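Please go over the structures that come below.
Look at the two complexes coming up: subunit A is in both, with subunit B in one and subunit C in the other.
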Partner chain A sequence: MLVAAAFAGSLAFIVILALYLRSKPILDTKPLSELLLNSSWLPSQGSFGLYPAILSTLYVTAIAMMIAVPLSILSAIYLAEYAKESLRRRVLPLVDLLAGIPPVVYGVWGVLTIVPFVAYIAPVVGSLGIPAAGAGRYSTGFSLLAGGIVLAIMVFPVIISITVQVFRSVPFEVREASLSMGATQWQTVKHALMRVALPGIAAAVILGFSRALGETMAVLMVVGNVFIVPSSVFDPAYPLPALIANNYGEMMSIPLYDSALLLAALILLLIILMFTLAARLILIRIERRVTVG
Partner chain B sequence: MPHISIRNLKVSYGAHNVLKDITVDIPDGQITAIIGPSGCGKTTLLKSLNRLIELQEEVKVNGKVLIDGDNVYDPQADILSLRKKVGFLSQKPCPLPMSIYDNIAFGPRIHGVKGKQILEQIEELEKHCPNNEVCPANTRNTARTHKNGEMDLLVECYLRLAGLWDEVKDRLRMPASKLSVGQQQRLALARTLSVKPEVILADEPTSSLDPVSARLIEEQFQMLKQNYTIVLVTHTLRQARRIADHAIFLYLGEMIEQGPASKVLCAPCEAKTCAYISGEIS
Partner chain C sequence: MDRLLEERLFKVLMLSSLTMVVGSLFAVVAVVVLNGAPALTPSMLTQTPKGGYYLGKEGGILNAIIGSIYLAFGSVLLALLISIPAALSLQRDYIKKTKVAYSIRLSLDVLWGTPSIVYGAFGFTVMLYLGMRASLLGGIIVLTLLQIPIMIRAIDETVKLVPAELKETSYALGTTRFETTFKIVIIQVLPGIATAVLLAFGRSIGDAASILFTAGYTDNIPGSLLDPAASLPLAIFFQLGTPFPEVQQRAYASALVLLVIVLVVSVASRALGQRFSKHILR
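Let's turn to the complex of A and B:
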């Protein structure tokens, strides 16, 4: 255990160090604030502002989680607590199957269905006057929202499968104790089972979240890849993983270009590490609260 | 009129017929012991009385269970009020994953009992147990002045009723899982009582307890039987002889004999009951 942990830890350290060394050239020529907060990305003119990409990454992930978390937790509760054993036995393998589909397939499927769907609803939703929905502008459908929906669908099976397991691992007697006092099934889930399940559900959400943050291929195919600060969910965006995957290896003759992309990778890695760490801390606190009661 | 009448009750798990046509009455205000070798269907019979059996997969129930004249298996029957009325104490105590306090407050909270209703519930409880001080006057006064005082009072009263108050009064916010098994079982009893049941079903409630805790639970039952109908599954004949008023002997899913405990447990008519009591079959 200890050896494995030390190995994993030093591996992460080596990756961070390597990325740092390779992005040092650009960090030496430009101030960090310009790289992080400038919105213009014109490599041929020597301008490398990563702000839109960082923002896009956070937005697309946030949209995905807003869709995925409530839906997948409710589905998991249904499967674990309400569905018959026979249904559960049939559905859970399908859920696991969904988790195994390669991202590129989700991407193609997103282009064929979600993108046209988003293009179709954009003017309708836009005319409702919701600020984040733009003002009835034309959308190609290749957008933050399309990226968020596709990501959400990719994250579903991860959260559902773990959450179902978490609920099934709560002893049967807890249900029996609660129900035998005349509690409804929902009260039992909400007030009794949830307390035991909460750390596990948090872990499932965190796992889904880190998958969404780093997911590249499927997002890249539906998100539009336009380097702007998106002002509505129907605008295209250019998240960090897509930026790196689309450009690394090309036009490397442009000075500092590869260094800028590796800086993007470093930032992505740090964002993921930061969130995972924060999530760990939350998890520890929830666990403590649950055991203290 | 008997409180509970079981009529032609048949229960099966899948193709396995566990209870074969049970017809028996359970008298009011007494302790009825269900005895029989392990696997004969005692737990199944007990859980059929408040439909807790339906939590098992693939279970089929036929026949009637009449409580106060109403068939609990009637499609229109209200399962929630049934379970509230007929409480259940499991073999291995299972505290809800929350504090000692919240374990007791859980039932009243889910049924939306608060404020004045709590005070009424406690008054009623006191009438039931006049010779037992469940609600001391000073606690009652603080209940009037404090926020949430009523719930505090209710928790205290039921913990006293279950004989647990003195042991836990300084650590009500501690997780209930930290209590000893014997204390957990008394907590489970207090929790069951907190929703005002009329019947208490207890499935070998002392089998995982040390002798002292077991004795405490038995004493609680003897005190409670004046106000509650108690159905007790027990695996020890000695316990049945100590506290039961009425007894039912089950063997391989059939009811062999029932009647006053003194008769069934000491001078039975049926050959199989004799064999069980003398330890020939177990």
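Let's turn to the complex of A and C:
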């Protein structure tokens, strides 16, 4: 039993160690700064610049968060503070259901609806002259924006379910105190509850962010996979997970190729572990507060 | 701003957000059903791909359905073998230092966030090192790794809820730690295990990124653990990637099959969780 627990507890370290050992060959031959900041990805010529992929990952995640964070938090506040028990009990399982849908299905859905939608709006929005939303190239719809929208929907359940729990964990006295001073319900949420719930909301957002950062298949299917530094949300992109998924397994003939891809995996993992760790520590604090207070 | 106006404004904003969130669930299900249902023929579910299937000729995705079921069942079983003892040993009875249990829990929670593509890359690396080819076994092992944190933490949460008095009563009757754990505690934990199993099953049957390199893909039904195995998510992915509309139609149909499996499992986990709880003392 203890062996099983020890194995499970050290799994994270095993994975990190293995990835590190395998990405060491490329770290030994090239400075990390070159790998991270160079934007030419020509494995056959020994050039492994991950910059466009890192940027693509950040962009697509940022778009997803811009859509998901306000929608999820507003929904969560409604569910936690406004909705009747019966509505809450009906909607929360639906949110869980959303979390259970496989990424590939989201990908199919994205290809069927979001991609044509983006292709349709790209010329219209592109002509408005909004920065970072120009349509310089012809957009097929397979783009950062499509990836961002699909990701946003995948992130909803993560942020909503945690935020609802965080709000429910705020002691009832806080609400009573605020309401008895004549505050409206929204004022109570904004001034009293938010103050208590903010770290928890931050944790929810961080967990959603990490989920989005590592999501592979759904994004891969709608984001276009062109290795460029995207300049508009209508441009295709090539995030790190997609890069690994598309190229790993067939890179054995080119020296250092697998090492470069595993370095990409390691970077991804370390970033996500850092964020998740921070979020978890916040949530553990909140849990303690609830059990103690 | 007038505070009552603000109240109303935000209420409208919140309601419309919630509508959009719930609406997106229905949109996903509706689009997949509407596009998948017309292409879903009996032969798709009962045949393996024949020659030229990916060009639009005869055949079905039975290889992927069976492959996915093998992968999911195999990995759930293996994960259970590790997770049940691991979760039970997180009790105070076994790990005396709360700090140790705390750090194991924390590391599992953090591991939960690891993207499946990283597991896939890790698994493939290890398999290369061991000289294994992409196979059913490889896929099962990687999916097991993916499930361990989910399962242990889900079971652990219910183990934590077992009343200390119950265990003390059992100890007072002269039972050993082992007997108490596997005869008393485990019954209290059954619903937790059932939920964990279904949660992990749903996650593993839908995951593609982790088995992309480790399970391989084949048009045949795997005959042994060392054969490569097809899977539904990858079948969807590959069929969608072909330039032929007929084959893409089949991708939609396959997505519908996968969606139905996942939704059934998800609903079942809820129902089962309530059913098993009749033996629980609270």
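What we mean here is this: the second predicted complex is superposed on the first by the 254 of 293 C-alpha atoms of A that agree within 3 Å, B and C clash if a C-alpha of one lies under 4 Å from a C-alpha of the other, contacts with A are read in each partner's own complex, and residues count from 1 in each chain.
Keep in mind that, in the parts below, a contact is a pair of C-beta atoms (placed from the backbone, for glycine too) under 8 Å apart; a residue touches a chain by one contact, two chains touch by 3 or more.
All values derive from a computational prediction rather than experimental measurement.
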item: Touched partner set for A:E176, first subunit B, second subunit C, both or neither; value: first
item: Subunit A residues touched by each partner, larger count belonging to subunit B or subunit C; value: C
item: Partner chain(s) touched by A:S56 [first = subunit B, second = subunit C, both, neither]; value: neither
item: A:G107 touches, of subunit B and subunit C: first, second, both or neither?; value: second
item: Touching partner for A:T184 - first (subunit B), second (subunit C), both, neither; value: both
item: Which of subunit B and subunit C A:S139 touches, first, second, both or neither; value: neither
item: Which superposed partner A:E85 touches (first subunit B, second subunit C, both, neither); value: first
item: Touched partner set for A:N225, first subunit B, second subunit C, both or neither; value: neither
item: Footprint overlap on subunit A, comparing subunit B with subunit C; value: 184, 187
item: List of subunit A residues in touch with subunit B within their complex; value: 84-85, 171-184, 187, 191-192, 195-196, 290-293
item: Subunit A-touching residues of subunit B, taken from the complex the two chains share; value: 50, 52, 55, 57, 80-84, 87-88, 90, 92, 94-99, 102, 106-107, 109-111, 173-176, 188, 191-192, 194-195
item: Interface residues, subunit C side, partner subunit A - complex; value: 3-4, 6-7, 10-11, 13-15, 17-18, 20-22, 24-25, 27-28, 31-32, 35, 82-83, 85-86, 88-90, 94-95, 103-104, 106-122, 124-126, 145, 148-149, 152, 202-203, 205-209, 212-213, 232-233, 236-237, 240, 251-252, 255, 258-259, 262-263, 265-266, 270
item: Interface residues, subunit A side, partner subunit C - complex; value: 1-2, 4-5, 7-12, 15, 18-19, 22, 70-72, 74-75, 77-79, 82, 91, 93-98, 100-109, 111-113, 153, 156, 160, 184-187, 207, 210-211, 213-217, 221, 241, 244-245, 248-249, 261-262, 265, 268-269, 272-273, 275-277, 280-281, 284
